[in-house]
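Each of the two complexes below includes subunit A, the first together with subunit B, the second together with subunit C.
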Partner chain A sequence: MNAQRLLEFADDELILGWRNSEWTGIAPMLEEDVAFSSIAQNEIGHARALYELAARELGTTADELAFDRSPDEYRCSKLVQVRLVPDWARTIARHVVYERADQARLEALRGSDDAELAGLAAKIDREEAYHRMHAQMWAERLADEPRFSEALAELEPLVDARDEHLPELGELWEEMTMVRRSLAGATW
Partner chain B sequence: MGPAGASRPGRVIYEVFRQERRGQAFAHAGSVEAPNLAFADDYAREQFGRRGESVALWVVPRESVHTIEDFVDELHKNYHRVDGYPLKDKLAKARERAETA
Partner chain C sequence: MVTAEQVWEALAEIPDPEIPVISLVDLGVIRSVDVSGEQVRVEFTPTFLGCPALEMMRDAMAERIAALGAEPEVRVITDDSWSTDRITPEGREKLRATGFAPPTPRANGGPQLVQLQSNAFRCPYCGSRDTALENIFGPTPCRSVRYCRSCRQPFEQFKTI
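Showing the complex of A and B:
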């Protein structure tokens, strides 16, 4: 698999992880706060593993790939860029749309000729199985909620939109890289 | 476990028990509020199972738990009680006797 496709995947997971973590402390219920924050952490963990693979191909490091590119170099889908706080119905709709697309992507990667990548995809998939269960139970719960079905229709077309970015990705990038940019050359 | 608290409409409180190692007794871990058992399982897993602190969980609707808190002893039969009874030493001595017998 070429590094560019790895970066698409890693960037999706990193940006979605950040977006989901924006709910930490303010999710509708305490239990959901814990669950959703844990999903966010998992996504960022997946991003790190994928960046490490890509970094070896590109002769760089995971941190540099995650934080030292300019916002327009990111390859993430528009779906993960949208800032959805404080709209829980749309957040869950994105979660559902993302997990479906992610499942298909992971299935393809698990069959990859690259044994290391196939192994990583299988590992990620074992955690994603719980994200899917979580997304599925919310989808069932909100099935009759018009705001939810409207959000699904709005967000589904964004899955494969990677060529141009939303302005809010730039804002997220500022926030995400602020500490790293605060002291050039520092290692943390 | 406290008395049954009120949950919000459409939501149920589930008590969660966790087992730390196979074969050990389950101990109360805490409670989660959830709209149904699927959510309760997920929330219990996230709160009491994701750091390797449990090998199994029991998730039980609080309504299914019977609370017993009346322990009548009108005649103060203190010979039923074991406070101040140094069982440990007595057991050790009994074991010694059993071995030397």
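Showing the complex of A and C:
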């Protein structure tokens, strides 16, 4: 698999991880505070493993790929860039749309000729199964809510939009890389 | 010269940083130990990729091996070789005895929501199957939170992966 496609996947997981972590401490229920924090932790863990694979191909490091590129070099989908706090219905809609697209991507990667990538995809999928169950639970609960169906219709077309970025990504990048940019040679 | 058996024994003394009742060997995360002269190479898989204790475990293993007088090389493997089915019977009993319900066996196709909402899970305190899913997620990525209706006690359930 070429490094650009690995970066698309890794960037999606990293940025979604940050977006999900924006609910930490302020989710509408304690259970969801725990859930979104845990999902965020998983997504960032997946991003790290994917950046490590890409870094080997590109002769760099995972941290450099994650934090030292300029915002317009990121390859993440517009879906993960949108800042949705404090809109719960749209947050759940993004969760549902993302997990569906991610499942299809993982299924394809599990069949990859690259054994290392196929293995990593299978490992990621074991964890994602719990994200999907969580998304499914909420999709069933909100099925009759017009706000939720509207949000699905609004967010679905963003999945494959990677060429242009939203201004929100630049703002997130500022926050995300602040410590690293302030200290020469800082690592996480 | 150090033997593979001595290395396994040393590694069996390293507790999981987040659930210290269970060791890395009990968890089944150590995939191989290769001894070649003074060099000891260990391969291990993280339980969850976002595990914040990864570096801590790697350093702890390297330290134990160095203490045996060998030169450690600890490699993190991110393939699909680990499942909760690899947790040893001793490990499961240690989990249960401290109030963590051990993971159920992994079914073909992996876990499903309907199963999580079923009565397949046993309370680690009273043994009842009358337990309800409170939250798929818990204090660490590997745990869910359930509630036992029989003894009215919340408990942590190790996720099946």
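Everything below uses one rule, namely that the second predicted complex is superposed on the first by the 186 of 188 C-alpha atoms of A that agree within 3 Å, B and C clash if a C-alpha of one lies under 4 Å from a C-alpha of the other, contacts with A are read in each partner's own complex, and residues count from 1 in each chain.
The working rule: a residue touches a chain if its C-beta (ideal position, glycine included) is under 8 Å from a C-beta of that chain, and two chains touch if they have at least 3 such contacts.
Values in this document were obtained by computation on a predicted structure and should not be read as measured data.
Undergrad: Specify the outcome, clash or fit, for subunit B and subunit C once both structures are aligned onto subunit A.
TA: Once both complexes are aligned on subunit A, subunit B and subunit C clash.
Undergrad: Have a look at where A:V179 lands relative to subunit B and subunit C in the superposition and call it first, second, both or neither.
TA: Neither subunit B nor subunit C is touched by A:V179.
Undergrad: Just to be sure I read the superposition right, which of the two partners does A:G45 touch: subunit B = first, subunit C = second, or both, or neither?
TA: second
Undergrad: Using the superposition on chain A described above, determine whether A:M137 touches subunit B (first), subunit C (second), both, or neither.
TA: Both subunit B and subunit C are touched by A:M137.
Undergrad: For A:V85 in the superposed arrangement: first (subunit B), second (subunit C), both or neither?
TA: After superposition on chain A, A:V85 lies in contact with neither partner.
Undergrad: Taking the superposition as given, does A:A35 touch the first partner, subunit B, the second, subunit C, both, or neither?
TA: both
Undergrad: After superposing on the shared chain, does subunit C or subunit B touch more subunit A residues?
TA: More residues of subunit A are touched by C.
Undergrad: Pick out the shared contact residues on subunit A: the ones touching subunit B in one complex and subunit C in the other.
TA: Looking at subunit A, the two contact sets intersect at 31, 34-35, 38, 130, 133-134, 137.
Undergrad: Please give the residue numbers of subunit B that touch subunit A in the complex, ascending.
TA: The touching residues are 32-36, 38-39, 42-43, 45-47, 50.
Undergrad: Which bits of subunit C are touching subunit A when the two form their complex?
TA: Subunit C residues touching subunit A: 45-46, 48-52, 78-83, 110-113, 116, 134-141, 145, 159, 161.
Undergrad: Which part of subunit A faces subunit C closely enough to touch in the complex?
TA: For subunit A paired with subunit C, touching residues are 31, 34-35, 37-39, 41-46, 48-49, 52, 116, 119-120, 122-127, 129-130, 133-134, 136-137.
Undergrad: Can you list the residues on subunit A that touch subunit B in the complex?
TA: Subunit A reaches subunit B through residues 29-32, 34-35, 38, 130, 133-134, 137, 141.
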